[in-house]
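Once you scroll down, you'll see the structures, which are given as structure tokens.
Here subunit A shows up in two complexes: once beside subunit B, once beside subunit C.
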Partner chain A sequence: MADPRPLLEVRDLSVSFRSGGRDLRAVEGIDFSLGAGEVMGLVGESGSGKSATAMALLRLLPDAATIGGQILFEGEDLAQVPEKRLNEIRGRDIAMIFQEPMSSLNPVMSIGAQIMEPMRFHLGLSARDARLRAIELLERVRIPAAERRLKNYPHELSGGLRQRVMIAMALSCKPKLLLADEPTTALDVTVQAQILDLLYELKEETGLSIIIITHDLGVVANFADNVAVMYCGRIAETGPVSAFFDRPGHPYTKALIESIPDDDTSGRLATIPGTVPKLTELPPGCRFAPRCAHSRPACSDILADLYQLEPDHRAACIMPFDYRIPDQ
Partner chain B sequence: MFTPTVKIVLGAIVVAIFVLVAIFAPALAPYDPLKQDLFSRLVPPVWDARGSVSHILGTDGYGRDVFSRLIYGSRVSILVGVSSMLLSCLIGTLLGMMAGYNGGRTEQLIMRFADAHLAFPEILLAILVVAVLGGSLINIVIILGVSSWMVYARVVYGLTLSLKERPFIEAGRSHGASASYLIRRHIFPHLLPMIVVVSTLQVAQMILTETALSFLGLGLPPPTPSWGNVLAEGRDRLFVAPWVANSAGVAIILMVWGVNTLGNGLRERLDPKAAGRG
Partner chain C sequence: MLNFILRRLATIPISILIVTAVTFFILRLTGDPVELYLDITRTPEQEALLRQELGLDQPLIVQYLQFLADIVRLDFGRSLQFQAPAIDIVVQRLGATFQLIGAALVIALVVGLVGGLVSARYKDRTADMVISSLAVAGQSMPSFWLGILLVQLFALNLGWLPTSGTGGWQHLVLPSVTLAAFIAPNLVLITRTSVLEITDELYVTTARSKGLPRLRILLRHILPNALNPIISFFGLQVGRLVGGSVVTETIFAWPGIGRLMIGAIYQRDVPVVVASVIIVALAIIIANLLVDLILSVVDPRIRLD
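Take a look at the complex of A and B:
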């Protein structure tokens, strides 16, 4: 069953936005690959470029953005294919769910009509078949009284139900890859857990690959196989979840893990001093250096590439913890 | 002054009366609007001491019954008003959606052209075209329609621009919807309320412009009973037979008031924030 070629392979992806006469690089030099049935967590603070990366994969960015590098999906470079081909892939092979389930649904259209849309674009189903399949999908995402729900409008549903509707839409054409852009951020904590459980079950049932974008390391720990941490548009560290949490190499990763609240309620929560620099004011050298507790003079000179720490585990730091970097 | 509901009801009643009159003109008009009767020229209206019941609103300089002419004139006004509104709505909405959705060069081209066109007085353009092509019904409709597409284009452009940024459009793109599908199914329905409001107000505007053109002798050729023509004929004898021009004026005022009141009521009802704005 193992296909030697990964489902998705991203090489040297960059995204820049044209703004006020100059180009701002929101994402640069991103490399990763994702196999069938794998779940990757893309983690970062606001403005780290994680959403821009996800949007770039389907070329959903505004016109002011330019994409560089390669996005190889089943060997086809999505960065190059014409818009028309992209419309065939979007929703059929790669689907996406968004942070705001309220505003991602058209308020003046019944959810039934909206769920049927992708199926009618891609599968050429008749209205009747699409309706039957929509009911099936709503049942699949555990929405009770599915048939009656088809006539509802988005405002009649709760946030959790709306996100389930979005998931049903995303899964309607049996995609191979699901991009989940902070799917639980806008939801209540209890609902968050339900949605994640649902995604996990669906993944197990269908063998779907998922890229989950989040700023919640807890989500990643429970859900993902691999993680990539982004900082200022670059990957700071990437690797399997176990290595990532047990043996972080990058000081940023370590600081993030330390700032997760644990059961020990005494003492102050560890934080990272400072804020993420703006794209217009990036420091020279390592972008994390000004906030890094372990920075040294050389950090301001060298913008480190990803070094291999272990097989599949890489970090972009000149002095990763507990690892020795072989001389290049 | 009035609540939106009162405005909608009042406006709708007035408009409905005019529409019914236009539809049943042959049954309602006591005389043939074109029939001249030189023996009963300039008969004053019924409330005048010299007036007669046979001509409620009197007769004009050719002995034609003013009441009958106004009844038939409502057909022209409504026909011209509605069809030129539809034409400008079609052009303006399409171009406005294209400009708003595509942005970039398309937007620049369409919207700068709209600005330039807006700077050019509508009536002047209409006079120019009628003078060259002549004033038939079709010509008038085309001229009025083409010369006010910018009103729609600008409203639709602005709304499309903000709708385009709504996440459900992005979500639609992520499902593989094409631009034309998104415009048709997801943007257009959101524009409809505003288009209805603008259209109603535009009908009134179109009726006024058509009247003005006819009054200037550039509208429909004279024997045709349009309100502008009746007004123009009345102008020549304003001091001898003021009832001709006055009746036409009152008909125009009532119709335009009715349509505008309906439009304003709809606007306030559909967009409460717009209430009180000019």
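Take a look at the complex of A and C:
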């Protein structure tokens, strides 16, 4: 029988940074769960806390950050496990790829050595076996002349190739979960599509679960099963992709969807007025209220929790569109 | 690579030319060579004869060209003190100096790298405070004074090591530690800064996400990237080490080229001074070339051609 537990269950995750003598909450109250083979899109503008959330899952944040809540990976709380145990999980069960393929590979180490490193360390492969498997992996992520490439250094590869190397490295120990932090943002549009296709294929082949962090709703629509939108460190809305795009509940979500460029080039593209407030200048009540076209006085008083709209579909708004909030 | 080496070798004569010009004209400014060779009872006729023999009656530029021609043939003349070709005397002393500088380099490198790494690893904690404070203190303390203190403690009070001279490895300890103290404190601080800077790089986060142990990340991912400024610093400090070896050799009566040079200057032994200056300049130039080559090996992004 299949394990009824989700692969990853995050409960009330928070991240604070100690800065200038006080704690700034970059992320708070994050709840979500992810099943095996599922893809979740974590969406938000810069500074919404989406990258901090992903980094927190593997405790990769700098020492100045503190993490609260639970990160249950196969029932084990990653927020609490000792570093030694965490290092067994990092790279083997959970791997990560980053936004900047240009700077996320070690410039003075050949890419072959970098890909082989986790396999030698986690799987105990001999240098020879690790090398063979590295060639296989490079072929799998469609890098031509794989064997020759092993000797290359990162600066000898294009951005797209480097991201493929990162993916090959991340998949080397057959992880169960891949955290992809804006994996295509720094790449050309055509290369973006190739990388996403590649990730999709690998997911289909291996049953990998993926959390993809992006500010691009198009990526989410094509790629993810579920989505969570973050705003100012909190989840604004979360649910299955179809419900999310067809029946958004939160005004922020709706505004985001409306600001996606479509084929109709006649009218003006919808935008959201204002900018994301700084962590030090958060408004009272709902953090989106000052920019919200539908806000009412009550919005500045209440910092809404996530209300259930439909099964698995929740939004943090006191007046979600088309939905009636049951009396609390 | 070969191309680069050849080009750099081609620039050596230019550097040497500049060194010789400076040496030649400063020597001429410090006095008339004839007074060195002849004593107080000399007659004007003897002076004139010697001037003619030494070519000192020629125009200065002709004398300089003659001086250059001699250097090219490695003919620096005979030492006035030792009555032997100056170049032979200098070459004899080179070994002792290389030994001293080599030992000092190893000590400085080990202390500098280990101290810097430990300090960076435990940033703002006790180990870092202690190491950084010692490094700043070491930087501020004149090394010759440290040498004298070391002699006082280990040679005179404890009697563990000889005060000076040569012999077994025991003789090398105090001089090489003293000479290492010329650069080790700076090296600790540069290593610390460089390592801390690299620690913030994204590829270090990648290495952490791969589940590698801290020590491996430090030695395999951080240190090789932090080496560039450290090695460059070494290149700049070679001259300082040579200068330091003059002081150190004098304190410890170490029979190297530094002490030879000091003696030759006091004795106005011009051929030996010139020969040692040229040899030392050549050694510094070659050391800097080596530093560039090592940099290109450590960092594949540096392309020498």
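Just so we're on the same page, the second predicted complex is superposed on the first by the 326 of 328 C-alpha atoms of A that agree within 3 Å, B and C clash if a C-alpha of one lies under 4 Å from a C-alpha of the other, contacts with A are read in each partner's own complex, and residues count from 1 in each chain.
In this text, a contact is a pair of C-beta atoms (placed from the backbone, for glycine too) under 8 Å apart; a residue touches a chain by one contact, two chains touch by 3 or more.
Quantities reported herein were computed from a predicted structural model and do not represent experimental measurements.
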Using the overlay on subunit A, decide if subunit B and subunit C clash or can fit next to each other.
clash
Could you say whether A:Arg90 touches subunit B, subunit C, both of them, or neither, answering first, second, both or neither?
both
Would you check which partner chain A:Glu100 touches, where first means subunit B only, second means subunit C only, and both and neither mean what they say?
both
Going by the contact rule set out at the top, does A:Lys174 touch subunit B (first), subunit C (second), both, or neither?
neither
Looking at A:Tyr153 after the superposition, I want to know if it touches subunit B, subunit C, both of them or none. Which is it: first, second, both, neither?
second
What part of subunit A is shared between its subunit B contacts and its subunit C contacts?
58, 60, 87-92, 95-96, 98, 100, 103-109, 117-118, 121-122, 166, 169
For subunit A, which residues are in contact with subunit B within the complex?
58, 60, 63, 87-92, 95-96, 98, 100, 103-109, 117-118, 121-122, 166, 169-170
Can you name the residues of subunit A that touch subunit C in the complex?
55, 58, 60, 86-92, 95-96, 98, 100, 103-109, 117-118, 121-122, 153, 155, 166, 169
Note which residues of subunit B are touching subunit A in the complex, please.
103-104, 166-168, 170-178, 181, 185-186, 189-190
Going by the contact rule set out above, which residues of subunit C touch subunit A in the complex?
201-203, 205-213, 216, 220-221, 224-225, 298-301
